[in-house]
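Take a look at the structures below.
Shared between the two complexes below is chain A, which has chain B as its partner in the first and chain C in the second.
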Partner chain A sequence: MKRQSLLSVLFSLVLAFIIFPAVSQAKEIVVGASAALTGKYARNGQDQLDGFNMWVEEVNARGGLLGEKVRLVHYDDESTPATGQKLYEKLITDDKVDLLIGPYSSDVAMAASTVAEKYNFPMVSSGASATEIWTRGYKNIFGLYTPGSTYMEQVLEYAKSKGLKRVALIYQNTAFPRDVANGVRAKAKALKMDLVFDEEYGKDSTDFTSTTIKIKSKKAEVVIGASYLPDSTAFVRQAKENHLYAKIFAFAVGPALPDFGANLGLDAEGIMGNTHWEPTLNIPGAKDFAQRYTKKYGREPGYHAAGGYGAGQVLEAAVKKANSIDKDKLRQALTELDTVTAFGRYKVDSNGMQIGKPGYTVQWINGVRQLILPAKDATAKPVYPFKDWSKR
Partner chain B sequence: MLNNNRRRVSLGLGFGLMLIAMTAPLYMNAYYQSFLLQLFMMVALAQAWNLISGMTGYVSFGHTAFFGVGAYAGALLLLAGFPWWLAVFKGAGIALLLAVPLGFLTLRLRGPYFAIAMLGLNEVGRIIATLWVDLTRGGDGISLAPKLLPSLHSNYFSMLFLALSATLLVAFIHRRRFGLELRAIREDEEAAEMVGVNTTVNKVMAFMLSALIPGAAGAVYAMYTSYIDPSSVFAPALNIQMIVMVLFGGTGTVWGPILGAGIVMFLREMLWAQFPAAHLAALGVLLLIVVLYLPGGIISLFRARQQRARPDARTGAAP
Partner chain C sequence: MELLDPAILLQLLISGLLAGALYALLACGLNLVFGVMRVINLAHAELMLVGAFSAYLLYRFFGLHPVFSLVIVVPAVFFFGYYLQRVLIERVVGQPLLSSLLATYGVSIILVNIGLLLFSADYKSVPAMQGSILFGEIAISKPRAVAGLISVALTLAIYFFLERAHLGKAVRAVAEQPQVAAICGIDVRRIRMLTFGMAAAMAAAAGVMLAMIYSFSPISGADFIQKSFAIIIIGGMGNFAGALYGGLLLGVVESYVAGFSSSQWAEAVAYLLLVAVLLIRPTGLKGTAYVK
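Our next item is the complex of A and B:
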């Protein structure tokens, strides 16, 4: 009997927690976000979160938004769409946040943006770039990143200018890499290049031995990987082990991150990648942001961190423009806004897709990530052709 | 007398829980409803797993195959313009039909062979969903627009209905000859056959019933999350969760999976926001303790107490 009553007391306590949510606090503007703190996007998610946090700190030092203090509420989405979905439901209906920032990665953003759309809640998305996110007719998702389908255009144009023809493409089977891959196919066709190899690989694969051997047999001159950090790193290692050689190696996401060079050392030399942002870019506030970030966190910001910070700035500009946090006014402000943040220009089309910001291409040269394309923003001349693995 | 008592407690408890679940949308915000919805989903899935693996002892590592099939069927039918409830029915139906040939094929295997075959089945499902791009859109996943989706309330009550029917199904079978025969298969399949149990038909029947529920749950899940991709629905991790919850609560019992799902989900919910990653480790340790010291699951705590109480009850009643 005793145990039964103990159990029922416990049970009622649990119920009480559910029925009476925590008492709300003093007046402030609450920004909600999910961040990938565990799982396969953990590295990028943490960088992005650091960017958000830095913006929150700075905006409060400037006196907050509309005279109120800004507070960030964030949870770990475990790099999975289902958890992200649940979290945005929580942020909107339980935490009742005033402003929303999107999650990292296109697949989590796909799910999260549907929640935002359901509640008609405008969301500024940093960290998602699959074109499909903006072709579903949603009215509440505003992107900072250049769409994924344009990622490899500069690399392919450069390859063409060097007279290369044979392109090998590998891509991960999730939303964003598939979008990049579609872009590669379209661009290769437009440039009349031959796609001699085109293969998809699993979400968690890190074994590319057979892939590298197959590409080798196709005598590809350009190898393009639509990838994230772990897979691009693994691929480069195995390409070296299996003596896969091409004139150009380019990967999405990975090479743009400091970790890529740190993990691969000499093997990173000459590898190209895409970036949305570099500290050296001639954008007002970019260098300054990079310095403050490095001072605060003890490491250089990559584009994920800058994107997080930029998302905060876009929200700030939109709230100022709307002079309100009313959802409808904010949505309109985000649609009309044309501004420059430390991350670059923000201007979207009627679907909320980013059209104001160009993409950039980087290359690892002498242990440093250098911006090589477009030429007007370049910090170094491209190194071409790729130096063979054994000759370094 | 005691049996009656237990039955009454069971009924009372069940009725109370149902009352809470039915009225919850009146006073709970959308997030807590979402939480309960996921709890119901896990109860339904755990019961489905319990039905085949708990009762017959055929441990399935691939029940998410049916979940995934249901999710894809539900999402695609919804996109094709079917009303949501019909899409759920059809999703469940497709999973059920699929279970017939698969059951006949895989249930010839015993022990670890069956477990591995089912794990493989889930992988096959995931790979088909990845490669059949024309139908499933492959790794892009399927995104369902809000205007297509049923309301949170509809999803909530659908999942509640699934959890309830899965539980009633297990309870019903438990008391029938069918349930006894299934448990006989678990204890000794040859012996069961010797005494005239048609083991093949029984196993396949149980397998079909246990595929029906994940099929329906998958379809509702797709409509609830609005976005599915091959690795999020053909997810071995989800299958592990079903197993964990059943083991945790008590294998082969009616209340075990409910208890297991309830405890695991509540603990997760309380821990995860504060301790990303660490909460999974904590759950793992807890499970280890339960499996080592309470092989019958949490439910055996209640059982043991009742058994101890039996002699007292008798002497109390005798004079």
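Our next item is the complex of A and C:
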């Protein structure tokens, strides 16, 4: 009996030692996020996280947020919405984070935002652009990216100006590519262009041989892929193998990334894509960010990295504006905020959808990703038409 | 309907056969192991990725063309498989199926995570051979043609080895009656090591071929192992030739379904075929293993 009570005293002592240091520790602001570190979106997820981590480091060097150190808690959502959803549940209820950053990809963000909404927890979301996210009446998700449905507008307008009519569209069966596809359909209709091919493919598709053969038989002049990096790379390679030729090839996500050129080499030449950000853009802090990022990580930042960094800056600006991390004040601040980060302008509508930031179009020219549209920000003139595979 | 154009039909057939040849090479290895020791090797696709990443490294650092790296990678993975059998798989042969499933699943998890540590989850590719040969309107992709032909050659070589060679007959004897084979003086343990080594080597060869065609990451194995399972059930569990037919059949059907419907349906085809075969011919196309 005696021995037992002695043990329980010891046990409570140990417990007290475990608990109290945690309580008496200096206060800090904890930011929670899930990131796609494995799976289909791993490359982009890692870039975004790196960008965000850079902000955390820099904000702490500046003295933190509201005088407190910032710490990031993050988990790998494996590029899957279901995992992302669970992780945000954990971040809010278990880790009890103070601030939230959204995950990469529209479909994971879609799932994560339902959790944020449930707990009425404002979330700054970089790396998500499907319009659908902001049409559900949610009050707690604030986007940085231009809506996906506008991605291909510049390319289609350009194609129209060249007198092209026949458009082929392929897209992945997830939220963001579907949104891009809807935008393409609407824009093509508005421009009176013919959609001669329109097909969805699976998230895990690696083989587009049959698709390229079909598009070839439709004699499309413009081929648009609402894709991510792995599928756009695979499609271009197989388009070449099957001698699918069009005057314009444009893809979402892939061509805006340095990996696209690295993986495809010469085959990337002439391919267009959309982007949210380029280091060459005339945005205060963009060039500087690109230099610091390259120095820190040993590779050039793409728009995903800049978006991650920008999300941090938006969060910082909102916390400063609200002068608090109180959820209601923060939500108010994020709704009203109009600021320019290294990623570009941030201004959202009443649903939290980004409306302040323009989109851009890039093209791979002589092994370099050049901004071609809109003309006022361009670093090079568009190369047209696409050079036939056999003449390279 | 421009799809009924004979040139397009032929084009779809060729690309289907070429893809199917690669499936067949992979599935034959899986079926060989199952046939000889009734072990379902869940790490088979990861062995394939070992081949793919080896080809990637050799290309990246030594500029070695994947076709030549076969000469290095295939024997290396053969010995890896040979000793993996000796150290691990041998212990679960003849045990309840769950033991071997767990053991090979463990190997798969270890390999995937080593891959993630070494290479991260980025997609890699080996752009060693590109472009295609044109025959009129028909384009045949060079890497696919080479991969397809090498796959068929390797699969047939192993097939004839099993059918004709003395050692190959010993493998079949162990598959059919391990006890009787042992009484006849066959070193059953060594034959099993040889079998697993061969299967691993086939997977690695498939991986090297895969590296020429697709992008891959350490977690790409799942798609391939699932298709391989479908193939060996379609072809007949444990039947080497069955897996060959099953692989080619799946490749061609996938190609036509993607051509006439959409690539999303093509992804479901393996499993639809699986159900159809199980309904009509439950032992698979060539399966006789359980028919008494």
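We take it that the second predicted complex is superposed on the first by the 367 of 392 C-alpha atoms of A that agree within 3 Å, B and C clash if a C-alpha of one lies under 4 Å from a C-alpha of the other, contacts with A are read in each partner's own complex, and residues count from 1 in each chain.
Methods note: a residue touches a chain if its C-beta (ideal position, glycine included) is under 8 Å from a C-beta of that chain, and two chains touch if they have at least 3 such contacts.
Bear in mind the structure is a predicted one, so any value in this text is a computation, not a measurement.
Undergrad: Overlay done on chain A, so just call it for chain B and chain C: clash or fit.
TA: On the superposed model, which is not a single observed complex, chain B and chain C clash.
Undergrad: Could you look at A:Q291 and tell me whether it touches chain B, chain C, both or neither (first, second, both, neither)?
TA: neither
Undergrad: After the superposition on A, what does A:S210 contact: first (chain B), second (chain C), both or neither?
TA: The answer is second: A:S210 touches chain C but not chain B.
Undergrad: With the two structures laid over each other on chain A, which partner does A:S324 touch: chain B (first), chain C (second), both, or neither?
TA: Neither chain B nor chain C is touched by A:S324.
Undergrad: Under the stated touch criterion, which partner chain does A:T38 make contact with: chain B (first), chain C (second), both, or neither?
TA: A:T38 contacts both chain B and chain C.
Undergrad: For A:E132, decide between first (touching chain B), second (touching chain C), both and neither.
TA: first
Undergrad: Based on the superposed arrangement, let me know which partner A:G265 touches: chain B (first), chain C (second), both, or neither?
TA: It touches chain C, and chain B stays clear.
Undergrad: Let me test your reading of the model: by the given contact rule, A:E89 touches which partner, first (chain B), second (chain C), both or neither?
TA: first
Undergrad: For A:N173, is the partner it touches chain B (first), chain C (second), both, or none of the two (neither)?
TA: Both partners.
Undergrad: First (chain B), second (chain C), both or neither: which does A:L229 touch?
TA: second
Undergrad: If the shared chain A is used to align the two complexes, which stretch of chain B, 95-103, 113-121, 203-211 or 257-265, clashes with chain C?
TA: So the stretch of chain B colliding with chain C after superposition is 113-121.
Undergrad: Return the residues of chain A at which the contacts from chain B and from chain C coincide.
TA: The overlap between the chain B and chain C interfaces on chain A comprises residues 37-38, 173, 200, 202.
Undergrad: Taking the touch rule as given, give the residues of chain B at its contact with chain A in the complex, in rising order.
TA: Against chain A, chain B makes touches at 20, 27-32, 34-35, 38, 130, 138-141, 143-146, 149, 225-232, 266, 272-273, 276-277, 305.
Undergrad: Within their complex, state which residues of chain C touch chain A.
TA: So the residues of chain C in touch with chain A come to 2-3, 5, 8, 11-12, 15, 19, 116, 120-123, 125, 127, 130-132, 134, 139, 141-144, 214-215, 217, 219-220, 223, 254-256, 258-259, 262-264, 266-267.
Undergrad: Given the complex with chain B, which residues does chain A contribute to the contact?
TA: 3, 14-15, 18-19, 21, 37-38, 75-76, 78, 80-82, 85-86, 89-90, 92-94, 107, 110-111, 114-115, 117-118, 130, 132, 136-138, 172-175, 177-179, 200, 202-203
Undergrad: Going by the contact rule set out above, which residues of chain A touch chain C in the complex?
TA: 37-39, 42-43, 46, 173, 199-202, 204-211, 213-214, 217-218, 229-230, 233-234, 237-238, 240-243, 259, 263-265, 267, 389-390
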